[in-house]
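Two complexes follow with subunit A in common, the first pairing it with subunit B and the second with subunit C.
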Partner chain A sequence: MSSNRLVWTRTSIWLGFLALSALGLGLLPAYGFSLAFWFYLLLWITLASGLNIMAGFTGYLPFGYVAFYGIGAYAAAVTVKMHGLPIWAGFIAAALAGVVLSLMFARTMVLRGIYFSIVSLALAVICRLLIAAMPEDVAGGSYGISLGFSNPDGAYYAMLALMLATLLTVTWLAQSRLGMALRAIRDDPDTAETVGINIGTVRLKAWVLSAVIASMTGAIEAWYTSIVDTETAFNLLVSTKAVIFAVAGGLGTVIGPVVGTVVMLIVDDLIWQHFPVLNVFLLGLVIVLLMMFLPSGIVGSLIRRKPFLRRILF
Partner chain B sequence: MMTTLLIQALVTGLILGALYGLIGCSLTIIYGTMRIVNFSHGEFVVAGCFAVLMFFTATGLHPLLSIPLVFVAFFLVGMCLYYLFVPRLNRGDDPEVASFLTFYGVSLMAGAILLYFFQADTRSLNYVFTPSVYKIGHVFIPTAHIVALATGVAIIAALTWFLYRTIYGKALRAAIMNRDAIQIVGVNINTLSALAFGLAIAIAASTGVLLALVFPAFGPFSGMDYTLVGFVVIVLGGLGHPIGAIIGGIVFGIAEQVAIVFLPQSLSQAVGFIILIAAITLRPSGLFGKVALR
Partner chain C sequence: MLDVQSLRKVFGGLVAVDTISFDVPENSILGLIGVNGSGKTTIMNCINGIYDATEGVINFRGTNLVGKKPYEIARLGIGRTFQVPRLFRRLTLTENLMVPVLEDSRSNVELTEKANALLAEVDLYRIRDNHAEELSGGQQKLVELLRVMMLDPDLILLDEPFAGVHPNLCKVFLEQILKLKDAGKSFILVSHDLTSVYSLSEHLLVLNQGQKIAEGNAADIQHNPDVIEAFLGR
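After this line comes the complex of A and B, so read on.
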């Protein structure tokens, strides 16, 4: 009983916090704040949390996560620019593209550990090269696609909505049967199968969910910048950053990717402002120190060292 | 004409493949013995390129003479890196992910150091072999490629001898197969891993020396590309199989070069990766792997 109350308390604290932040973030454009920093903060929180569904809950670390992001950006851009449809149709196309691509890649999940990660990376590279090699009237070729219009405010609100949806999904997942099954598979696949968990189906759900979040993010970013090209849409740094932010906060926790993204973006910003010459070196150093001293991430390590924090962090 | 191009591509592919194989092979020694994902491996390859450049501008001696020096220096660097990071990482509960990120950080730092000392512009080794090109039939092969291949093969042979004929090499392969069992028979896994790490970094840097001969220009930013090639090659060859990695490298190198003959530039880059996917689909444990699937 008390464990139920614990879950109830921390979930309501978290949801309350989310609601307040959402309100604050929603008012930003009205007060004329520059949106660039905030848009990308929301974007990275979303990507890190989306990756966390796969990497944190199931233990598969897809280095090629950017493939879904890129395909979403392209699906939206092609729908809007080449076929003259409105942007919401572009979002639907992006979501569908994410589902289709993740189903195509589903078979790679028979691989484990670093095998899976590298193959996923290879698939992302192939996607980029194939799209760049397509004729220009199909996917813009190597020059990319310019949407011809942009709506930063609209994109900002879309990003905010997607981030909230993602965080609510992860919050639900952490408590649901599905989430429990995923963790069971991560910790011991054989035992999980013995107690009747259908590993294939359960894993596939997480995979598709994770992919759709990334492809929608890609579509919204395309709307925000109004330009899509293969070099940025399939930039491997997107995967690496999402992984680093998620791990910095704590893989497998709900709040972790949010905290990790906020902390790392602020650190990154401070380093760029104060040490322009040494910035990359210091960023590397921060990552190394973080992994040396907080290997389970900020939130993960806090929970481990101070168990009473479980009442508010999860 | 087509056959000449094809033979040319096969030869270049073989040379590059052997070097890719060495990168993969050293990477798999690290991953195999201690489950550490060294994401900064490529930076040490690039560091090798710059080391031979410094050696050559300082002494004017033949670039190949730098290899023993580079080998010893980077062996020590590797040992230091090991003691600095790995024992601590291995105590965590997910060394694989933690090490990937730690060494991504190391890679950023190493890249920044290279950038600081050598600036962003590409450099080249102004060493010219005489004669600079050999003509065999209709095929032209630069002397630098032949020298690089010969040295690469020599390193591979020495490594194979080390791994299969010496007690240390056997211990290393045993550690790759079963990290726990080898401790029961009395091997100090810590020392062995440190030596393995040193060896792998030394091989990576020596490969960099050879790459500096083969590729006319190199800059501080190509580290990540070499890391990726290394990982693709070891997955292709089978994790934890050093010689498999070399075969994987040669397959990858030849595929890449032959594809350039037949396909447009942008698509030819995809061929190596497509072969990887195909190989993995047919044989999920790689071309030579036996136990890699968990």
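After this line comes the complex of A and C, so read on.
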């Protein structure tokens, strides 16, 4: 089978799978399923896939990814609560906030490797402190903002839509010229530039895209819980979990973060059910074992061991 | 085509290239030779924008390259291979070849076909879906040259193209260089393989400790006492 036909076939199968999953997930509220688990499954798939755009496709691991998530949650909460606007206006505000913050932080991409990761982490902490220090009538102060209403079903569908949009974007990216340029930059930014890629512009596109996904996720989570505070919205565990889930599945692949999130959440859930006291210890152990035996993640390692799978999985 | 005037590159207190001038005419091969640390690769790096020249002018078809970014220089029509091949290791061979032409207006199908045709010419088509990191060093050098060919530049900088390459692959490499030369391309060739440099280059520049110690054709250079001293010592 020719390469182009193979790409078309695997993309069609993947899109078909996404459509069926969306249908199944869309029916859950109607059948009275508890939405909490499913909402957060969608949320983590979205965040892990959003982070994958930066870390997997471009090679920049933003430990401070939570900054975009937090700013999105706050932008939505302030828009809705302080200005009395509807939630969709909050989503728009969250997306804009993500764009603005990512442009403000874009300069940090001149750094590489661990230096970039540390600086992004520091910037997330600075964001949290700045928002906590703002007057209560502007950003709720250290107590945060209560939206005063919640709509879990609405938030669930919004998260489902965002997850689908994110996965479709990543699917497109994986096969687009932009995606190829990003992967070239990931492998060797200097060489990418010497063969004609404007690495600054290309990286910026990925950075903004990744940031908007996180800020929209934060906004929807705010709607779901109806409360936003700096400790939760800028909790570094958000970045950590997104990184773990994406790495567990396989950075740089489309389905890796999805598989990683599903597997890790199920493992986490099982550990909670059977060994609640040892939860953190056992989850840590699973992560260590995963990295020891599958260093490129579940999907990534599978592809490395069986190169022909590269033509099927992506 | 390329006119380098009084090029100087200083790293801290080290003068890596000391006020060197030369030119590369259209459809020609300029050989750059010298012992390790003589400044050959630094000159290449200044031409393709990896280093900013400390002083001097590098004129390529009327455009001064000094201060331009590597991607701008590549788009002006200067391609480059490296001493240690620098492929995108987790991209397939076809993808590696497509990276320089991502801004091209041609369709993906057309570009893929062109990339695969080039791979077929050097018998690498059958492993086109392999990642570059799975290739041998010699094969990587070959793919690097093909990647330059995809960009279709007018001037190609080749840094040690024959180092560590199996003789059979060297032959393929030489064929590709001569084919490109026939198509009107120009080259700057850096190599320690003096036999190849002498046979390929119309003009040679000999460097020692950042300075030009001789220039001329192969016959002139081979008998130049300064060159013999620089290479073999007194």
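Operating definition for what follows: the second predicted complex is superposed on the first by the 310 of 314 C-alpha atoms of A that agree within 3 Å, B and C clash if a C-alpha of one lies under 4 Å from a C-alpha of the other, contacts with A are read in each partner's own complex, and residues count from 1 in each chain.
The rule is short, and it goes like this: a residue touches a chain if its C-beta (ideal position, glycine included) is under 8 Å from a C-beta of that chain, and two chains touch if they have at least 3 such contacts.
Quick caveat, the model's predicted, so the values are computed rather than measured.
Asks: Does subunit B (first) or subunit C (second) touch A:R177, or do both, or does neither?
Replies: Touch partner of A:R177: subunit C, not subunit B.
Asks: For A:I244, decide between first (touching subunit B), second (touching subunit C), both and neither.
Replies: first
Asks: Tell me which partner A:I118 touches in the superposition: subunit B (first), subunit C (second), both or neither.
Replies: first
Asks: Applying the touch criterion given at the start, work out whether A:P135 contacts subunit B, subunit C, both or neither, answering first, second, both or neither.
Replies: Neither partner.
Asks: Return first, second, both or neither, reflecting whether A:G24 touches subunit B, subunit C, both chains, or no partner chain.
Replies: Touch partners of A:G24: none, neither subunit B nor subunit C.
Asks: Would you sort A:I126 into first (subunit B), second (subunit C), both or neither based on which partner it touches?
Replies: The answer is first: A:I126 touches subunit B but not subunit C.
Asks: Name the contact category of A:P276: first (subunit B only), second (subunit C only), both, or neither.
Replies: Once the two structures are laid over each other on A, A:P276 reaches no partner at all.
Asks: Could you figure out whether subunit B or subunit C reaches more residues of subunit A?
Replies: Result: the larger residue contact count on subunit A belongs to B.
Asks: Which holds for A:V288: it touches subunit B only (first), subunit C only (second), both, or neither?
Replies: A:V288: touches subunit B, not subunit C.
Asks: Which residues, counting only subunit B, touch subunit A once they are in their complex?
Replies: Listed in rising order, the residues of subunit B that touch subunit A are 31, 37, 85, 88-89, 92-94, 96-98, 100-102, 104-113, 115-116, 224, 228, 231-232, 235, 239, 264, 266-267, 269-270, 273-274, 276-277, 280-281, 284, 292-294.
Asks: Which subunit A residues qualify as touching subunit C in the complex?
Replies: Residues in contact with subunit C: 3-4, 177, 180-181, 183-184, 186-188, 190-199, 252, 307, 310-311.
Asks: Residue numbers of subunit A touching subunit B in their complex, please.
Replies: 55, 61, 107-108, 110-115, 117-119, 121-123, 125-126, 129-130, 132-133, 142, 236, 240, 243-244, 247, 251, 277-278, 280-281, 283-288, 290-292, 295-296
Asks: Going by the contact rule at the top, pick out the subunit C residues touching subunit A in the complex.
Replies: Per the stated touch rule, the residues are 48-50, 69-71, 73-75, 79-80, 82, 86-92, 94-95, 98-100, 102-103, 108-109, 112, 128-131, 134, 147, 151.
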